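Two complexes are shown next, each including chain A; its partner changes from chain B in the first to chain C in the second.
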Partner chain A sequence: METFNNFLGGTAALFGDPMGVLIFFGGVIGGMLFGAIPGVSMLTLAAILLPFTAHLSAEHGIMLFSVIYCTGVYGGAITAILFNIPGAPENAPTAFDGYPMTLQGKAGKAVGAAVMCSAIGGVVSCIIMMIATAPIADWAISAFGPPEIFALVFFGLAVAASVGAKTFWKGWLSIMIGLMIAVVGLDPVGGIERYNFDMPYLAAGIHFIPTILGFFAVSEIFVQAEKKATGSYTAPKLSVDFPTFKELWAHKIAVVRSIIIGFFCGILPGIGATLAAFMGYNEAARWSKDRMEFGKGKLEGVISSETANNAATGAAMIPLLALGLPGGALTAMMVGVFQMHDMEPGPLVFINSPDLVWVVFAAMFFANVSILLVGFLEAKTIVNLLRIPFQFLAPMILLLATVGAYAVRGLTIDVVVMFVAGVAGFFLRRSGYSVAGIVLGLILGKIGEQTFAQAMQMLHFEFTGFFNRPIALGLLIAGALTILGSIYGAFFKKQPVPASDN
Partner chain B sequence: MSKLRTGHIVEVAFWLLLVLFFFVYSFEFNQDIEIYKYGAAMWPRAILLLIAIAAIGQLLDQRRNGDRSSSNTMAKAHEDSAQESDNSSLGWYVSTFILLAIPFIYMVLPEKAASLMSVTDIAPGEAGIGRVKIICAAVLFAIYLMFSWRNHVGAILALPIFFAALLEDMGFYALAPVFIVGIMILMGERRINRMAMIMPFLYGLLMLFFVKLLYVGLPTGNVRPFYDFGNWVVTLLQ
Partner chain C sequence: MNFKKYFVKSSVAVAVVAAATFSAGAALAECASDALPGEMAKPDGYPARALTMVVPYGPAGGSGQVAQAMAKAVSDLTGVSINRDHKPGGSGTVGMTAYMATPADGYTVLEHIDDAASAHALDSGRPNPSEALIPLVTSQITFSQIYIRTDEDRYTDWASFVDWVKAQDGKATIANVSKEGSMERVTMKFITDATGMQIQQISFDKGAPRYGALAGGQVDALFEQPGDVRKFLDAGKFKPILTILKEAPEAFADVPSLTDAGLDFEPLLRFRGFYVKAGTPDDRVAWLQWAFQKAFCEDSYQQYNESKFMNLIDSFRDTDGSKELITSTIAQYRDVYKQMGLEIK
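Let's look at the complex of A and B:
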């Protein structure tokens, strides 16, 4: 009852303030648009807006970012489905089936499923977030230390290695490339410069935003450009045929499973929506009767990925607000907003600024509801982007990506890094490597190393210490079994003929 | 029976050489950390070991299964993983490598050329180095056009990097229109009237949204007359 009263109080505060309403709707539309425009993402919008939040109140600034987070995660699905360009890493698994559906003329069905499932996942996640923030935060504090987080990162990477690349080995290599990129810069324990090659720019590490833009947006343009140059380009077919209620109801179990996966992945610091989407997709394929159909345009693939990543958005706010730990790139920027207002996210926020917390919770709830309302209208408009010939769309995407990469730090070298990553992504994709795996390795690399170092210090540099921590041990064993299973499959299972060869 | 091709061996050799290079370089920062006995080099070396294992595993897998080597159930059919292409001859790779090298040559050439020509005003923004940069850019662009004539895909890959390399000196405002037209041509557009309509539209849209509405400070460049043009556009819009 207290939760409900607090929610009503937050809602009244949100909609009783004209400036708050303006910022809320600005965030909803901005997040959806930036998520949906190929080549830029909600992170681009957030990076551009970050300096301007100094002129807003802390309440409005955090609320704006949380709304962009919810709607941007959904918006990124649109480009993943229509152009095979995930707006953010968490939308990467959506492209696995969403884009083949577009090529088959079922873009509308995929987008419609993304709208419905993003809204369902987000709303449920918000409700659980409001009810369970305190007890879950207490549990996470006591049960999840650095060994558990490291074990979870290991498990996540082991699972991701088996997704996205042509072979398990290439999937594993893709992740390792990402981990090596994350190594460049300062080491997280001693602050020692690594692989800087005497270049001052590399001393600070390679920023993830230009790298993500390069591997996803730019490399996709190059792949399509090659197809155009060689005459094998197929324009996506246009359709606004949304899925029926019956079609969605048939996947109710996938939705519930993805909500559970998404929420538990989202609540863990540093893991967030990306792993949620990969695991949601992976589990859907594992439990499906026609698992061989995944990757060829199966609606369940889009449903499971989009439900899971939006279910993670509400959960990701728990470690941020309760522990001060960002769950990903956007929540890390939220820490910046807090700091610009001389505040530190953490347990004290609940005591010192309960109004802020509940306005943010209410805004996130209504942002997810508005995905359902605005999303269908927006999707019908955005699907029309497919009518634009690619030779006119490509320069726009490349220039938007240029502005996005440059706006982060105001360095032209970031633009060079982005295009170099794009070229690298193009060649790696041609050879069957996974750009999504590289990006996941890049994002989780720093967290993995940091938590490994903390875990080893905690366990007095004894690896056997993991045996005394059941959750960490369980996750390590699960990760190791996933890898061993893939290796077994590689060497001892008879290989079926891939569909593309038929 | 072995199903290995030369390409498979080259791929594994590439990874192993990369591992060797980064392993040797790791001695540059292999320092002790008082509170962490593994030091700064342990984590990257562990990753390098895993890369080597995966590369050898890939080779063994390809030896057994050839190009149809093992795959997980989901990735098997998904298009993202392998874009087979006709552009895979040695000549294509050499010409693409030259095209990709051009922007990086531009990054070091003007300073070297200025010192050879005994140009004295070499601080960024000064006229002497500015002229050298324009000449270098023009010469390299001519070489780019020469190689891009027969290698469209390589040209598409290199043009954005060339654009990014020139951004610091020539600025976004002056380069963006040329870049838009360049990409459209490389993508196969030949209708001049269409390009004449689309280019100002895209450029105007970007300028209005980012410069006028969001006040994003894009690079104006430091070489005249590009610098003056960039400032003129910014003044006009803001």
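Let's look at the complex of A and C:
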């Protein structure tokens, strides 16, 4: 009851203040737009706005960022679905099925599902956040140390190997390529330079954003350009048919599963929405009867990915607000907003600034609700981008992707990496490898290597130490069984039908 | 939100605020660069456009924040805008390399930390910040501490911690940034050599998982600078058990210093400062030195430094002071690296 009263108080404070309302809707629309423009993301908007938050009150500044977070994660799904360009890494799995749906003339259904599921995932995670922030945060950091996070990553990779590639072996090879790219740069523990060929810029490692832009956006333009040149190009059919309630209800289990996965990944410091989306998608594929249909334009793929990444938004606020531990780039910027107002997120915020906390909670709740309202309106409009002929759209996408790749770190090498990934992706996709697997290997490889090294240090370099940690052991066993199961399938079952080249 | 009001509810914080206020008063009364003139004519119209500040770390970390605070203070003082260009990666190497490729015209300045000095100490091919660059100001100097959880009952202070660690036979753990040759690893070597204890260092390169590891009980202790864990100190979650300075500053008077703990080594400091490329015209350097040193005493910057515990020891060095600090730091690291058997290029 007290929670509900606090929520009402936060809502009243949010909508009773004209400036607050203005900032709220500015954040909702800004997050969606920046999320939806290929090449830029909610992080770009947040970085631009960060210095200006000094002129806002602490409540308004933090509320603005949390609203951008919720709607930006959704906004990135639009370009993933329409153009195979994930607005952010957490939208990458949305493209696996969303883009094939667009090619099949079902863009409206995919976008509609993204709107609905983002809102559902976000709202549920907001409610859990409001009810139990402090105990969940404490549990997450005591139960999940580096060994558990490594085991989670291992499990994630084991499952991912079966997604998107033509064969089991190509799936694993794709993951391995990603893992190899992940080791370029400084080693995460000793800081020793590896595979950078004495190039100082490569010492910073290969960033996953230019890699994603290359593998997804640039290679897709090459694929379409080839079709255009060979006369086999057909423009994607425009559709604004949103999914029916019945269609969505059929995937209720996938939604619930993705909420649980998304929320769980979101509360782990340093993990965040990207792993949530990949895990949500992988688990949906794993438990589905039509597993081989994933990657070819299955609505459930979009649903599971978008539910999970928005479910992670509320969850990521838990370690941030309760402990002052940001889970990803945007929550780290929120720490900056707090500090600009001489505050630190953490336990004291609940004691000293309960009003602020509840305004932020209410704003996040309503931001997710407004994804439904504003999102549908935006989706109806933005789907019309598909009317632009390919020869005009492709250069625009390339330009925006180039800007997006450069903007991450202000390094020209990131643009080079994007184009190299684009060319490599073009050939790898033709050969039945999974670019999604490569990207996942890259993202999880960095987290996995670091947590494995930390786990080994903690366990005194004895691998058997994992056996004394039940959660880690459980995840490792589940991962190993998954691998064994897929090896069995690869040898003893009929080879799967080739999946889409996505 | 008012800074003092924010801390007033915590009993630990009251003492902190008192100490901070005292120092702030002292700082305002005799701030390091007060003697500099309030205005300085622009040499031949320089700067005619906005400056760029290369920051070799992300916007949310300590370097990103100090860059923002200093850029604001300089802009407020001079009316010249400063755009921050974050180039994170490679422990500051990427930003430094990118900066060294810019023209020496005074329009691009660099923020960097003591890692630039230790990197040069290990590999003389890396730029020496006191020669390849001209330090404009060092605006943050701080020290490290060892922290434990406040509710820890296996040990409660430095002496009991050392005893407990020794009894674990090398199985005790401490979270830090234990990269090869880093300030943290070198300091931990000093401590373990001096106490005879063996402790496993767990390397976390990002702050959040590092602090989470101590808060969640994944590690037994944490090596960090007080400004970075201030929220945990004010919330009563962490407590310092050793200050890695010869003498404890007033705000941590009840925490043993190296001298109190009987540890005899020269502590390494963490420092952050601002630089311009060597070869920049002298009149432009002089104007930048004035702007950055004077900005250190701007209220907004002083307030920021206080909030980060950067006022507990003298945080200011002008150009000559910075060169001295960098040169002595490089010499100190070289000595230690030789003792550690590291290959110095």
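In this text, the second predicted complex is superposed on the first by the 366 of 502 C-alpha atoms of A that agree within 3 Å, B and C clash if a C-alpha of one lies under 4 Å from a C-alpha of the other, contacts with A are read in each partner's own complex, and residues count from 1 in each chain.
Definition applied: a residue touches a chain if its C-beta (ideal position, glycine included) is under 8 Å from a C-beta of that chain, and two chains touch if they have at least 3 such contacts.
Since the structure is predicted, the reported quantities are computational estimates derived from the model, not experimental observations.
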| item | value |
| --- | --- |
| Touched partner set for A:391, first chain B, second chain C, both or neither | first |
| First, second, both or neither for A:180, with chain B first and chain C second | first |
| Which superposed partner A:453 touches (first chain B, second chain C, both, neither) | both |
| First (chain B), second (chain C), both or neither touched by A:341 | second |
| First, second, both or neither for A:58, with chain B first and chain C second | second |
| First (chain B), second (chain C), both or neither touched by A:201 | second |
| Partner chain(s) touched by A:410 [first = chain B, second = chain C, both, neither] | both |
| Partner chain(s) touched by A:146 [first = chain B, second = chain C, both, neither] | second |
| Of chain B and chain C, the chain that contacts the larger number of chain A residues | B |
| First, second, both or neither for A:434, with chain B first and chain C second | first |
| Residues on chain A lying within both footprints (that of chain B and that of chain C) | 189-190, 192-193, 410, 453, 457 |
| Chain A-facing residues of chain B, complex | 11, 15, 22, 25-26, 29, 31, 33-41, 43-44, 47-48, 50-51, 54-55, 57-58, 60-61, 64-65, 68-87, 100, 103, 152-153, 156-157, 160-161, 163-165, 167-168, 172, 176, 179-180, 183-184, 186-189, 198, 202, 205-206, 210, 214, 216-219 |
| Interface residues, chain A side, partner chain C - complex | 47, 50-51, 54, 58, 138, 140-146, 185-186, 188-193, 200-201, 203-205, 269-270, 319, 323-327, 329, 332-333, 335-336, 339, 341-348, 351-353, 409-411, 450, 453-454, 457-458, 460 |
| In the complex, chain A residues that touch chain B | 48, 84, 95-96, 99-100, 162-173, 176, 179-180, 183, 187, 189-190, 192-195, 218, 222-223, 225-226, 228-230, 281-282, 285, 291-292, 294-296, 389-392, 394-396, 398-400, 402-403, 406-407, 410, 412, 415-416, 418-420, 422-423, 426, 429-436, 449, 452-453, 456-457, 461, 486-487, 489-491, 493, 495-501 |
| Interface residues, chain C side, partner chain A - complex | 1-3, 6, 9-10, 58-60, 64-65, 68, 72, 85-91, 93-94, 97-98, 170-171, 173, 178-182, 200-206, 208-209, 211-213, 215-219, 230-232, 234-235, 237, 303, 307 |
